[in-house]
Each structure stands twice: as structure tokens, then as C-alpha cells.
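There are structures below to look over.
Below, chain A partners chain B and then partners chain C, in two separate complexes.
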Partner chain A sequence: MSLPLTHRNEGRQGMVAAGLALAGVGVLTGRPGLLLASTVPVVLAAHARAATFPSPDLAVERAVSTTTPDREEAVEVTVTVTNEGASTAPDLRFIDGVPTALTVADGTPRHATALRPGESTSFSYAVTAERGHHTFDPLYVVAHDTSGGAARHSEVAVETELECVPPIPPAATLPLRPSAAGITGETVTPEGGAGVAFHTIREYRRGDPLNRIDWHRAARTGDLSTVEYQRERSATVVVVLDAREEGYVASDEHDRTVLERSVEAAGAVYEGRRLVGDRVGVATLSPADCWLAPGTGSGHRARVRSLLATHEALHPLPSDDPFFGVISLSRLRRRLPSDAQVVFCSPLVDDYAARTARRLDAASHPVTVVSPDPTVGTTTGQRLARVERSLRCSTLREAGIPVVDWGDETFQSTVANAVRRWSA
Partner chain B sequence: MRWRTALGVVAVLVGLAAAGGLVDVGLPALFVPLVGVVAVLIAAGAVRDSLSADDRPVLPEPERRHAASVPGDEFDTLLDSASLHGRIGGASDRDAIRDRLEQVAVDVLTRYDGDTPERARQRLAAGTWTDDPLAAAFFGEGVDPSTSVIDRVRFAATSDSAFRQQAAHAIAELDRHVAGGR
Partner chain C sequence: MVGVTDPVVDTRPPTGHAGIVGGVAVVGAVALVVSASALSLALLGALLLTAGTVYGSGRVVGLGALAALGGVAVGAISGVGVVFLLVATAGIVVAWDAARQSLDLAETVGREADSQRALSTHTGVAAGVTSIAAGLGYGIYLVVGDGRPVGALVLLLFGGVLLAAALR
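Here is the complex of A and B:
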């Protein structure tokens, strides 16, 4: 359907039918009264038929109470329409272009009125802000003529944008997998240096920090010696989000999708690993390409925050574009630094997700899966989906890939419980 | 369109002139009922058009929120259509569902009950993997679920079927197995 388009109200066909039927019966039965009565609908139908399509000249402004709302904040949207044409617009109907990912919380984005030349009208409603970058669609206008028989549908574009960037959630201290070099994260290297765990004692050299001098030994022997600790090395971690269509499932069709929980988990894992000094990157498996190379520092943190909130690949609604699993996975593998570990955030509702985790793991990128659970057991099919997801979790665990199964608790306490179980 | 309007205008003008006695239009007496019949026919055509043609433009619905897909809803639809009486292809759909569920059941029994795949298949066929007779009957050939009279009447009268009831029981039983081992 391309706009603007014109449309005649075919509901008037009924009037034509009534008029002609009255006239026909009146003629056949020879009753002048019926024939006379038929003139009323015939005249009305003729009026509608003769109507010309109105083409109002409208100026539209859209104001929002804030362009950078918090999540779930109600944003007041006010639309003002002015008739800038020379003639009266007798019947105008408006439908505002609410961004697809937002819900109308209060009021209605529809309005109907008549406008004399130069006259304005305004209507307002509230939407609930969601994570992401949202662009309003044009205002949809249906203008009818006086008879109501002819209508012109058109759109008036008004650029309005909302950007909701939630803060990075509190850190979840997800431990990493042991790698060939030992335990990563608080990774030890063979060399001594600053750190926590004892490594060796060596002779004092000028410039060694005072707190590393072994004073007991100095008191006993009179010689200064310096304690070396195992030097810690930061690990490289890439958080991969499952943002395919299967990453957008929900427990109920009107609920937020599970991707929101994946994004929250990714943020919490990022924060946790960043605080222990790791270099952390972000990638997605999605129709749109998304990659942020591992890095550190406050600039990188701001980029992660903005990417998790507004990247097109993590839009609150699934994309219609096709997803090519093999290509995406090989592109991801090319980009992953050779020593990178992967934290894979996926609801695990299909086999591709589980297979991806195993492939990355087999390609010497130790994988930890974080899986927000979208399954509910209301219907038979939903119960089956829950069984199949549980099987995927246990298959991964059997293959040595830890899975954090995130149910109703907060993500931070789910991780803490999982860590307690793993170390038990 | 234009010529029809012109024809109408000419007819009305001639009619008015004739009524005013300016011209004399000699028409056969049959013409009057003919006009009546034509009017009734056009009226019937207009009614038919207004009933059939609906070319109204589709208006945007900004209040309608995107409906997310719920894991498992697809299977529910599949099970519903496969369970319908007398549906073409229903039998092969039912076979596909049975195969898929059997694979899941074997996986569940090997993982949570410690069976070998062969042993799991034997237990499924013999119906000894569960106490629920309806769940057992879904995989077991010779297992009689002893359907109650009320159920038999219901299956015959509605689109609900024994297949669907047994599948639901089998899945619920597998879910219980998994929940126990979670």
C-alpha cells in the first residue's frame, strides 16, 4: 500500500441500492409515493458520488516530554496539527506512528477533528520507554470531504526519536573456565611479580617496593630479600548474545522477550569481568552484524553500554532479515582473539544454540553458557520445550561446558549459587 | 463513468421537458415496467458489490504490540492439527510427532534414569517406564490404556483424540522425569 491514496466509501452502495430498489418497486407497482421516497437516498448517494478528494495542507509537530527516558518511564507525546491550507478540512482523523517496540500506556494515539484554515489541534498520549533507539513513524492522516464519501489517506513525516540507554547492571562474578595457562581471569603466569599467591623469594634489588621485602627474613639474617608473587594476567572474554529470532522468545506472547534478560546478563558478566581486570568484548549472533573488540577502560565501558542498549542487532523486536548461521559463526570465529573465552547468552530453545556453544568450545575458545529460561509449563507444547531445553543444558554440561540456568531469581544470585555448586 | 453521467443528465432533462409538456416522447407502455425491473436489478448488483468488495485501506494499529513467540506453541499447533479427525496427512503427522517424542523420551531415560538407548527403547515399548497408563500407551504398541466410556464419547464427538491425550500425558511424564533430575 503506497501513500497517499484516495478511497471512496463503498458503504454508500447500500444507499444506492435502497434508492433504486424503492424506485424500481414504485415504478412496477405504480405507487408514486415510493418513487418520491427514493429521491432522498438517490440525492444523498449522488452527493457522495460527486464528492472530490480533499487535499489538506497540514503542518505537524510532535513533542515528547524527554528524548532520553529511563527504562519503563512514561513519556508524554503531544502531537499538534495546524491546517495551513486555505480551505476548511471538515473531517480529519489522525493515527500517530508509535514506534513498534513501544506500548501506549495512557491515552490514545488517535484523534479526530475538523480544522478551519490556520486553526490548530493537539492531542497527547503516553508511551512506556523500552531499552533501545526508537524512531517514530509518520503521522497517518485520513481526510474526508463533507459527505464522508471520499477520503484521502496520507502520511506526514515528523522526525522524533527516543533513546533509552539503561545503566550497566550490577556485576555478576561469573568465573571463567580453566585454560591451558591455569585458571584464567585471575590468570596466573609462570613469571613472578606483583600479585597475591606466593611464587619465590629473590635477592633485593634497588627499587623493589617496600611492602614486598621479607622483613622477617631481614631481621633474622640481616639481608634484604624480596618476595615474588605469581603475576596475574588479564583474560580476554567475548560475551556473545543469541539475537536470532530464537533469541526473541518469551514466556507469554505479551511479555518482554528473553533477549532483554540476555542483554542484562551480558551487561552483568561484562561488569564482573571488567572489575577483575579482563579485556571484554561483545558480539551477537544475529541477522545484523555486531562486534565490539575486547578492550578495557571507561571509554570502552561507555561503548559497551551504548551497544547493549541501542545496537540494531539487539533491537527489542526481532528483525525480518534472514540469519545465516554458518556464515555468522565463521565470521565470529575469525574475529575472536586466539586466547579468548566465550560467555554465550542464549535461551537455548533450539539445537543451533547448543551446537554453536559446542563448536566454539571445540575451537579452543572455552565457553560458559548463560541461559535465561523462557520456558513455562502451561501447555503440552511448552512442557515439551522445557524438557528439550533441559536436555540441551545437560548435554552441554556433559561436554564440560558450564551452563548457568537463569530462572526467576536475580542474575547475580543465580551466578553466585551456580559458582557455589561448581566449587562444591 | 463520464458518459453514464451524461446519459443520466440527458434522461432527466428530457423527462422534465416531457413532464412540462414541452416535448412528446412516444414510448411503448412496456417501457415503464422495464425501467422498474432495471432499477431493481441495479439495486441487487449494488448490494452484491457492497457485500463482496472490501478494498478499504489497512489502517495502522499503533496500540497493537508485537506478539512474541512462546517456545512450544508451535508444537501445540502441530499436535492440534495432527489430532483432528479425518484430516489428510494426519497419520503421517502423527507418526512424525511420535518419532520426535520417542527420541526425546530416549534421551530423557538415558540421561536421567541411566538407561542405555536400547534399554530405554525396550522400556518405552513395554510401557514400563511410567506408572501413567495413558503415557505408557503412547509409545507402547500392546499397552491398553483402558479408555473410559466418557472419554470415548468425547473423542468421538469433539476434535479431541486419544492420540492427543496420550501425547499430553507422555510429555507431562517426561517433564516430571526431567524435573526430578534438574
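Here is the complex of A and C:
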């Protein structure tokens, strides 16, 4: 449908029939009054038939109470329309282009009125802000002539944007898989070397630093031996979000999608790993390409925050573009630094997600899966979905991939409980 | 299973619309006060027109218009005066048109939106057009009311041509 388009409204056709029926009864019964009365509906129908398509000249302004709202904040939108043409617009109907990811919280984005030349009308409504970058669509205008018989549909573009960037959630200290390598940091490795915590004592080898020689032992036995500490290294971590259509499932039609929880988990994991000095990157499995190389520092943190909030690959509603699983996965594998660990945030509602986790793990990128649980309900289908998902979790665990199954608790306490279970 | 869906828009007209429709329809019906049966049929029609507007039902509105115009026909047969017939027809037709317009408006902008002014403007214009048509018709009726004058034939032909052009 391309705009502007015009159409005729045949609603007054019934009046011709009514008029002719009245005239017929008048003729049959010999009542001239009825014949005369029959002209009235026919004239109204003729008025609609003679209608010409209106072409109103409108100026539209749209004002929002804030362009950078917090999440779930109500944003008041006020639309003001002025008739800048020389003639009266007798019937104007407006439908404002509310961004698809936002819901109207109060009032209605629709309005109808008549405007004399130079006259203005305004209407307002409130939308609930949602994570992301939102652009308003044009104002849709339907103009009718005085009889309602001819209509013109058009759009008036008004640039309005909202950007809602939630803060990075509190850190969740998700432990990594024990195989780090790289620069000094806080990820404990099974190797011995320089560090703080005691690891082993071994025989002295030439070149060992003096401060690591166990002098008590040397005094007691006369043999030199060297103390090894647990080596601590900084890890490189890439948080991968499942933002395919399957990553957008929701427990209920009106609920937020599970992607919002994946994004929250990704933010919490990022913050947790950043605080222990790891280099953390972000990537998505999604139709749109999204990659932020691992990094550190406050600039990188700001980039992560903005990416998690507004990147098109993480838009609050799924994209219509196709997703090519094999291409996306191989692109991700090309980009992953060779020593990178992967934290994969996915609801695990299909086999592709579980397979991806195992493939990355097999490609020597140790994977930890964080899985927000979207399954609810007691119907057969819902129960089946729940069983299938928990089977995927167990298969992954059997393959040695830790899975954090995130239910109703906060993510931070879920991670803390999982860590307690793993270390028990 | 997708998260946010469009809220369903209530396409019944706002309650204020029924007031306009009902008011105009009752004015038309009351013009038939001379004949009890015509009056009751027209009032029934007015009630249906109003109810159809309240519930957003085009079918009930159509039935209401049929009943009310039936009242006009009954009134004509039972001898209601020509002026009153004209006033009744004009009122009922304008109310019918207002009900239709109200349903159309509500279908586009919904029940919650403010659309009162659009409807009253439309109804005002329709009432104006109807009054002019009825006035002109009554004038011609008075001039050539009796007999079979040549002027009436000429006017009838002229009107027929206009009508054909309008309905083409």
C-alpha cells in the first residue's frame, strides 16, 4: 500500500435505495408528500457522490516529555497538528506512529477532529519506555470531505526518537572454566607458578627466583626447594547472546521476551568478569551482525552498556530477516580470540542453541551456558517444552559444559547458588 | 510467543456520539406526532439507531433507519402534513448518516479517542444540505402543487438530468 491513496466511501448508497422506496410507496398510495420527502435522502447521497478528494496542508509537531527515559518510565507524547491550508478540513483522523516495541500506557494515539484554516489541535498519550533505541513512525492522516464520501490517506513524517539505556546490572560472579592463559589477573589456573595461594613444593632448578626458595626447608635439610603458587591469569571472555527468533520466546503474550533476561544476564556476567580484571567482549547469534571485541576500561564499559541497550541485533522485538546458523557460527569462531572463553546466554528452546554451545566448546573455547528459563504452565505442550529444555540442560552438563539455569530468583543469587553447588 | 502485541482497539463509538444520533432522530420522529402508529414506529427506529451507535453495530443502525422511514411512510398514508413529513424524513436521514459516520470514525480512531467535533461538524453539514434540499423541494411543491403545469414538467426533467448526473 503506497501513500497517499484515495478512496470513495459508498456508505450513503443505502440512502438512494431508501429514497426510491419512499417514492415508490408515495406513487402507489398517491401521496405527493412522500414523493417530495424521498428527495431528501437522494440529495444526501448525491452530495456524497459529488465529493472531491480533500488535500489538507498540515503541519505536525510531536513533543515528548523526555528523549532519554528510564526503563518503564511513562513518556508523555503530545502531537500538535495545524491546518496550514486555506480551506477548512471538516474531518481529519490521526493515528500516531508509536514505535512497535513500545506500548501505550495511558490515553490513545488516535484522534479525530475538524480544523478551520490556521487552527490547531493537539492530543496526548503516554507510552511505557522499553530498552532500546526507538524511532517514531510518521503520523497517519485520513482526511474526509464534508460528506464523508471521499477520503485521502497520507502520512506526515515527524522525526522523534527515544533512547532508553538501562544501567549495567549488579555484578554476578560467574566463575570461568579452569583453563585460562594470558596476562596476570585473577582467574585461578591449575598450573603452578607465581601467585599468592600455595600450590606445591618442587625441587630447586637453576634460575628459580630467590624469594621463592623455601629457606626453612633448606635450613632443615640442606636441600634447596622452590615453592610454587597457584598461577593467576586474566581471562578473555566473550558473552554470546542468543538473539535469534528462538531467543525471543516469552512466557506469556504480554510478558517481556526472554531476550531481556538474556541481556540482563549478559550485563551481570560482563560486570562480574570486568571487576576481576578479565577482558570481556560481546557478540550475538542473530540476523543482524553484532560484535564487540574483548576489552577493558571505562570506555569499553560504556560501549558494552550502549550495545546491550540499543544494538539493532538486540532490538526488543525479533527482526524479520533470515538467520543463517552456519554462517553466523563460523563468523563468530573466526572472531573469537584463540584463548577466549564463551559465556552463552540462551533460553535453550531449540537444539541449535545446545549444538552451538557444544561446537564452541569442542573448538577449544570453554563454554559456560547461562539459560533464563522461559517455560511455564501445565498444558501438555508447555510441559513437553519444559522437559525438552531440561533434557538439553542435562545433555550439556554431561558433556562437561556448566549450565546456570535461571528461574524466578535474581540472576545474582542464582549464580551464587550454582557456584555453591559446583564447588560442593 | 512473541512479547509485545498490539493492544486491541475498541471500535465501538464513544458514548457522546449516541447523544447526537439519538437527539436528531427523536426530533425527526416527533414531527410525526399526529399519527400514533407512525410516531411509535419512528421512535422505535430512533431507539435502534441510538442502540446501533452505542454498540457499534451497522446492522442495527440499518434496521433503525428502515423502521424510522417506515414510520414516515405510515405517517404519509395516515395523513400527516407535507411539512411534517419533510421534517421527519430530514431528521431521520441525518440521524442515520450521523450513525454511519460515527461507526466509521470509531472504526478508524476507536472508542477512547476524542472524535466528537469531527462527528458534529459532519452532522451539521449533512443537516444543512438536507434543509436546503427539503426547503427547495417544498418551495417547488408549493408553486406547482396542484394540477399539471408545464413548469413542473420542465423542472422535473431538469431535476431528473441533475439526478442522473449526480448518480452517474
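We adopt the following convention: the second predicted complex is superposed on the first by the 351 of 424 C-alpha atoms of A that agree within 3 Å, B and C clash if a C-alpha of one lies under 4 Å from a C-alpha of the other, contacts with A are read in each partner's own complex, and residues count from 1 in each chain.
One rule holds in what follows: a contact is a pair of C-beta atoms (placed from the backbone, for glycine too) under 8 Å apart; a residue touches a chain by one contact, two chains touch by 3 or more.
Source: prediction; values computed, not measured.
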With the two complexes superposed on chain A, say which partner A:H300 touches: chain B (first), chain C (second), both, or neither. neither
On the A-aligned overlay, A:Y248 touches which partner chain: chain B = first, chain C = second, or both, or neither? both
With the two complexes superposed on chain A, say which partner A:E388 touches: chain B (first), chain C (second), both, or neither. first
Please indicate which partner A:H315 is in contact with in the superposed arrangement: first for chain B, second for chain C, both, or neither. neither
Who does A:L44 touch here: chain B (first), chain C (second), both, or neither? second
Output check: A:F123 vs chain B and chain C. Expected answer is one of first, second, both, neither. What do you get? second
Applying the document's definition of touch, where does A:V16 land relative to chain B and chain C: first, second, both, or neither? both
Name the contact category of A:G377: first (chain B only), second (chain C only), both, or neither. first
If you stack the two complexes on chain A, which partner ends up touching A:R152: first (chain B), second (chain C), both, or neither? neither
Contact residues common to both interfaces of chain A (with chain B and with chain C): 11, 14, 16, 18, 21, 25-26, 95, 100-101, 103-104, 108, 110, 142, 248-250, 253-257, 317
Hey, which residues of chain C end up touching chain A in the complex? 1-5, 7, 9, 62, 65-66, 69, 72-73, 76-77, 80-82, 85-86, 88-90, 93-94, 96-97, 100-101, 104-105, 108-110, 112-115, 117-119, 121-122, 125-126, 129-130, 133-134, 137-138, 141, 145, 162-163, 166-167
Going by the contact rule set out above, which residues of chain A touch chain B in the complex? 1, 5, 7, 10-11, 13-14, 16-21, 23-28, 95-98, 100-101, 103-104, 108-110, 137, 140, 142, 153, 245, 248-257, 317, 347, 349, 374-377, 379-391, 394-395
For chain A, which residues count as touching chain C in their complex? 9, 11-12, 14-16, 18, 21-22, 25-26, 29, 31-34, 36-47, 49-50, 90-95, 100-101, 103-104, 107-108, 110-114, 123, 130, 142, 144, 146-148, 248-250, 253-257, 316-318
Over in the complex, which chain B residues touch chain A? Could you list them? 32-33, 35-44, 46-47, 49-50, 53-60, 62-63, 65-79, 101, 104, 107-108, 111, 167-168, 171-172, 174-175, 178, 181-182
